[in-house]
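Both complexes shown next keep chain A, but they swap its partner, so chain B is in the first and chain C is in the second.
Showing the complex of A and B:
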């Protein structure tokens, strides 16, 4: 009996080996089943991603046709001590967005990400944008800065980037506005 | 350019090149916004959409590499590899390229694609940081061990520099592999060295225990109980491997016929958690030793207790298997933030609550289960994503229909209004005005620019001048004639004085009218174009909506099937783990029953002999 019991526990004792490739028949079968499923999941992921792309484009074209589309983006080019809290946007006197940033989102902006904060349908012609951001700078100092932009909406889609930067005045963040047609 | 290395960036936390980013398209920046939050699914979708719309002209190469990196981070390794194979050679530094191949090799190894993993390792040209270089070497060694090429693995690792944890793990793996292949003598030196190492952290202490345990049992099987006991006694008494070590020490003593001594570790084990196979086995080992010591009655009692304990444990296992078969267990893995994307970096950090975890913790920690679980979570995310799109697309279909109806409703009114407006007539009238104004200027016709009141006054004065009474030759008439001439002169003087200004104003107003007419004509052309194109646009959008809906539905069915298969796969892993435990208990129970029967038989025979 001694040998029999020892052989059982010895198998259990070696089961913690990290060598995944050392498989007996059942393990090899299970590994093959895993790979086969994994390949299926990979294919599905790719197809669902492609479908999402098509749906994303359709949604955008449907909700914001190119001839009236205006997209407003927020980006940052500031020292590491600036902490963005929120951005509010008014278009032609009407508040259209008041966005509060999580730490994760603010960090993504500081690292170079650009946030599409608002999409709108606007008629061709003249419009006015008023943007205000709030945040904290060095020594826990509160910042609240605004900027106004009069812009012309043409026939095609228009992109407006509101960049919060302290490059112009050291440690004094403010908006710099860029427009793309 | 380092943006392309999210896997590397994430795994190593920071990279000094990361801050050199100049975002030239807001769409690319938007992708980065999600990427930096490790929200890979929306980041990939936006990148694919921007690529399709050719919005990433300033970032074409970076975008493709970023896509590869995100696919890798999202666990979409086959697609990632396609991109890297195309792009890495010419577009990135050797440092970035090597890191990328390393992470690809790692993910393939974890998912059991050993040949692909080896190919990826072969693509590394030697520009990895030291820590990753060590890991890559271990990865290669593990693949070789898996393929049974122990000597090559040993050769690979014997030049390892320094006593790092990785080196110790590598040696341990080789030692175990050699034992499993029956080469105990070859394994002995490796494992004995590890069993004697001076651990500077818990991880190495645990590895040391494992090495002693592995070699101890190997020697026990090789009929070397004394040597085995010395090794097993090195294992810490309170560590995770102490149960097996205590059991082994007992068997070593038993092999040397020191049954009294063997009982010491086994009796210690008896009070520990019955879930552990070593504890289960001790319940049989104790009466075995007692029987050898002729304590037959006590041995019988212990066998009876063991049978009872095994029976209860087997019942608990049956209940757990029933629960796992119900499938509810796997929903627990989805309960935390089910909409969050998962990706390669997700790990099951806490065991789910419930009785099943206690039986399954070994299996839950394996690559196969962890990777299967990631796929299960990813599929669940895809399912929810498709559910949400299905609801949206139906709304969009309705919205489009409403818009088309509204358009059809308004079109006749708009056409009627447009038909009534005589834009060409307005243009002709404007041109006539231009011509008239030119004549006025050429002929210096200052009276033509008089206001209505001035013109009326001019008429009144001229009328008075021709009054017959004023032609009389007497002083009063002469006085009135002089006054009228004076008034006419003043009016003429004023009109002539203002002529240029009035002409300028008139031209300015006409110019404005001209611009308005041009804008109106442009708008008209746009309206005409819209009236022609809008039905086509509606129809194209409608076709897309109608085409996408079945795609979503078809995909949902496939995802649902895959989810079911993945659940079955995980379930079968869990069930075979539990069945194995049950099988062991059954064997122990039979052993106990057999031994008990033998004892009863001996007792009965002894009783008969006494009578």
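Showing the complex of A and C:
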């Protein structure tokens, strides 16, 4: 009888350990499957983001190819308070941009921000840029200043910075045009 | 008779095309713009992202616009403090006429001047008034062409549902 009971306990214990091992095995397999699925999803996500970035760059290249691209930037370097109201840009006699600045945007420029106000495709050769800015200076004084630049568009992208500054004449904001190399 | 029928058919087609163009904006990002306001400040639509915005195109020569404005003023006064903004875009050639009318009607919501009609072209405005509701993410959700008494109830329901989102 005792021998029988011992054998029964041994068989039950063996069966239990086999079941537990099988369960552990199944759990381990499902965890591994989950991890591999998670890895696949992460890889897919990364591929989608990379594709999105590539498409965006391709779109820009197609719309504004580097060899004909010209970009105009606005920046400010003023000591006295100057509230920029608007900037208008004409290229070869045609108005291409008339940007109104909100208080927030003007504040960002004063804090050192640079705004890409216009991007265009231009043929190689001579072109003329006329930029006019309007705004209010200290004591609510209205300002309207313009600047003209005759430039040559070669092969390759061109970047032109239109800086509003009062470094040249104190209390008098002026346009300073710089071409980036 | 033939000419009458043709004219009627043409009117129906134009109206249908206008409605289609306006409602096809629903679900799209509201085109961004900046205009000078009646206070002299420049206001840009995208700076209101996060709030529910109603853009109402109007003109001084538009009778239903006059009818609608006091009701819009009530909506603005009621919901402005909980994230609702109303931008009244005036398309008159002469901004002074618009200023006179808003003084007369006692309007306090921001009025923007689109005398060059650039923004109204952007929004395909062909019926006056035209009211566009933009959600917190900057998407056009509802477009209303014209005004009839009772429209303000629709506006109220839509504003409340967008504020709750």
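Here is the rule we go by: the second predicted complex is superposed on the first by the 123 of 181 C-alpha atoms of A that agree within 3 Å, B and C clash if a C-alpha of one lies under 4 Å from a C-alpha of the other, contacts with A are read in each partner's own complex, and residues count from 1 in each chain.
Simple rule for what comes next: contacts are C-beta pairs under 8 Å (C-beta built on N, C-alpha and C of every residue); 3 or more make two chains touch, one makes a residue touch a chain.
Bear in mind the structure is a predicted one, so any value in this text is a computation, not a measurement.
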item	value
Between chain B and chain C, more extensive residue contact with chain A	B
Partner chain(s) touched by A:101 [first = chain B, second = chain C, both, neither]	second
Which of chain B and chain C A:151 touches, first, second, both or neither	neither
Which superposed partner A:86 touches (first chain B, second chain C, both, neither)	second
Footprint overlap on chain A, comparing chain B with chain C	104-105
Complex contacts: residues of chain A adjacent to chain B	1-10, 12-23, 26, 30-31, 33-35, 37-42, 44-62, 71, 73, 75, 104-105, 107-109, 111-116, 155, 159, 161, 180
Chain A to chain C touching residues, read off their complex	85-86, 99-105
Chain A partner contacts - residues on chain C that touch it in the complex	34-36, 41-44, 47
Chain B residues within the chain A interface of the complex	18-19, 21, 23, 26, 28-30, 32-37, 41, 44-46, 48-49, 52-53, 74-79, 109, 111-114, 142-143, 145-148, 169, 173, 176-177, 179-180, 210, 213-214, 217-218, 220-221, 244, 247-248, 251, 254-255, 277-278, 281, 284-285, 288, 362, 366-368, 371-372, 375, 378-379, 382, 385-386, 389, 392-393, 396, 399-400, 526, 541, 544-545, 548, 551-552, 555, 558-559, 562, 565-566, 569, 572-573, 576, 584, 587, 591, 595
